[in-house]
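Below are two complexes that have chain A in common, paired first with chain B and then with chain C.
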Partner chain A sequence: MSLQEDMSPGEWLQRYCPSLDGQFLFLDPVSWQTFQLTEGAVTVLQEAAKAIEQDRFEAFLADVEEAGDWPPGLEFLARTLSTLHIATESPLTA
Partner chain B sequence: MSNNPPDNTVEQRRKVLKGALAASGVVTMGYSGSALASFECVTSTDATGVFGFKKTIGASANWAWLRLLVFDTNKSNNDQGNWKAVKIPTGSDPTDADTDTDTSTYFFQDSAAIGNSPPLYAAGDTALPEGIQAQGTGTGVYAFVIIYFNTGGSILGFFPTHVQVSGRDYPAQGSCLTSLNPHLDQTNIRYGG
Partner chain C sequence: MTGTAYRLLDVGAAQLAVASPIDRFHAHLDLVYPHHEPITTPRFADVRVGLLPGSRFRPRGRQVTLWADGQRPFEPYPHDCALPLFEWGSNYLLSQRLNAYLLLHAGVVARKDRALILPANPGAGKTTLTCALHLAGWRFLSDEFGVIDADTGELLPMVRPAPLKNRSIDVIGRRAGATLGPLFPKTRKGDVSHFVPDRDSFLARHRRACPALVVFPRFQAGAALQCVPMPRAEAAMRIGMNSFNYQALGPLGFEAVVALARRTVAYQLVYGELDDAIAHIEALFERLP
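On to the complex of A and B.
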């Protein structure tokens, strides 16, 4: 499948994290598993997406650790979002 | 030039992050081909290429349509233009179809020359014969209007009583609805293209 092509983490969230009656359904771009998220979890992923797009994901991870660490399952999803950025940013750096 | 945002923005962001982390919850739904299909066919489709009204629907696609009983009118004779009527729900309840409650009556010309997707006219339209009215209890023949859904798979309304808003209301395929809204009331709903 090629849905990830040319899609930033923010764009991915916009398209593949729709609201369903107060909860959110998230499609993992790596495993294609689906996850039901609370609004708070979506906010965290949106912040992660911004950090990835602004090349400050490591600083974001440190902020999360300082703020009380990850709830179960959420760090994995944030890291899968970072693969979208790598896919669009890494080629042709020679 | 530094990419670092100002300190007050950083502090604000950390505050938001702390609150969001505390309110975070993740439930694994698992790998689901049908869920993926749902994303694709509800959140990313529009009505392009989908006619709002059809006399018959083919088996080449599985769009969700509302089935409507076709009524004769007092202008149903061939020399009067062979006008027929359907009663379309004005709300989002598919069970209202064909009744006189919470529906609007629309008229169309049933003719091979006009084809499978004739224009629908609301009562009072100047294109209609004067004094046209639906008659009888139905011809036993059915026609179909497209159903608009939200991304959760719930019905928002029907063509043309519901005005589709781009980016919000979508036609949907059966494969979407079975995963997103398995409890959808299927009364009068048929699938086809």
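On to the complex of A and C.
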């Protein structure tokens, strides 16, 4: 098994957000708690994962807020995905 | 100097070692582990405990204390309740230590090495149903631990006596073939007597079974039988919640639970009559692919 530190947010979703008869389970990479999600919620997390990998997560958060804010609890899960990614130009490396 | 005389018990997925100078405890152990041959060679034990008597001059009655790794993890019990203390205490210690496996809080029985898993919260009737199924011809794997090898998804037996409580003692005790240990009245969990799994199950304690059916049982006095299929995602969530170490195992536990949900069919069963529940489970099992 790969170490979670080696996985991008997208890879994490692929492995730890499987579909079971149309419902999805998501393993939170920080707390290791499991959440049951709808397909729509997973789509949002996939978009968040892409944004994190492209270092535009803050812009993505602003877009979601503008579009009417997050479904309950989903922002927290998106933020846990961001822990799997080290920004290429983080303030610490600049 | 001689070492402490530990008595070793190979229960399948784990090995236990217990030392005690209390003769009555050993007599009780003989009654509820009747198929065990003495193991004389020193061996590794997953749990190694001592049951030591307290002062005989204690005003409110003599007590017995369980020691493990130089510590006393539990409050002492009355001196004549050493067996329940050993069973509960060593089960608790196993639940904390056996992290090589995914441990479900579940009864497990099998037919032709295909397993029925009965995960449940305390008080749901899991032990009673597990014992009744065993008496109806199913192989007994465990009444407390669904021990899952995360690599293969197989279930390992943990063949130990099953603690029946209060009314369940009579319900199971009057069934044909039931063997029960001594009665311990008025313990912290009420009256307790241990059900003894049969010799065939004991001899098969190293033979794994493949998970086939998951039933979440709930006894409700007087209730008509209700059995509802459970969607796989919900079953996986419930299995995880009924595990001792699911969250501690992280990704490993998650993948094991998802794999288990995918390869089994799950139901929620509410029952008021034990024989109705057994007949329904038999029918569900027959219909499995």
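The definition used in the following text is that the second predicted complex is superposed on the first by the 83 of 94 C-alpha atoms of A that agree within 3 Å, B and C clash if a C-alpha of one lies under 4 Å from a C-alpha of the other, contacts with A are read in each partner's own complex, and residues count from 1 in each chain.
Here is the rule we go by: a contact is a pair of C-beta atoms (placed from the backbone, for glycine too) under 8 Å apart; a residue touches a chain by one contact, two chains touch by 3 or more.
Just so we're clear, the structure is a prediction, and the values are computed from it rather than from any experiment.
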Three-chain arrangement built on chain A, chain B and chain C clash or fit: clash
Partner chain in contact with A:24 - chain B first, chain C second, else both or neither: second
Which of chain B and chain C A:33 touches, first, second, both or neither: both
Per-residue contact with chain A, leading partner among chain C and chain B: B
Which superposed partner A:16 touches (first chain B, second chain C, both, neither): both
Touching partner for A:70 - first (chain B), second (chain C), both, neither: first
Overlapping segment of chain C (options 27-35, 135-143 or 261-269) - the one that collides with chain B in the superposed model: 261-269
Interface residues of chain A shared between complexes with chain B and chain C: 15-16, 18, 20-21, 25, 27, 31-34, 36
Chain A residues within the chain C interface of the complex: 1, 4, 15-16, 18, 20-21, 23-25, 27, 31-34, 36
Residues of chain B that touch chain A when the two form their complex: 3-4, 13-14, 16-32, 35-36, 39, 42-44, 151-152, 180
In the complex, chain A residues that touch chain B: 15-16, 18-21, 25, 27, 31-41, 43-44, 47, 54-56, 63-64, 66-74, 77
Parts of chain C lying in touch with chain A, wherever the complex brings them together: 231-234, 236-237, 240, 247-248, 250-255, 257-258, 261-262
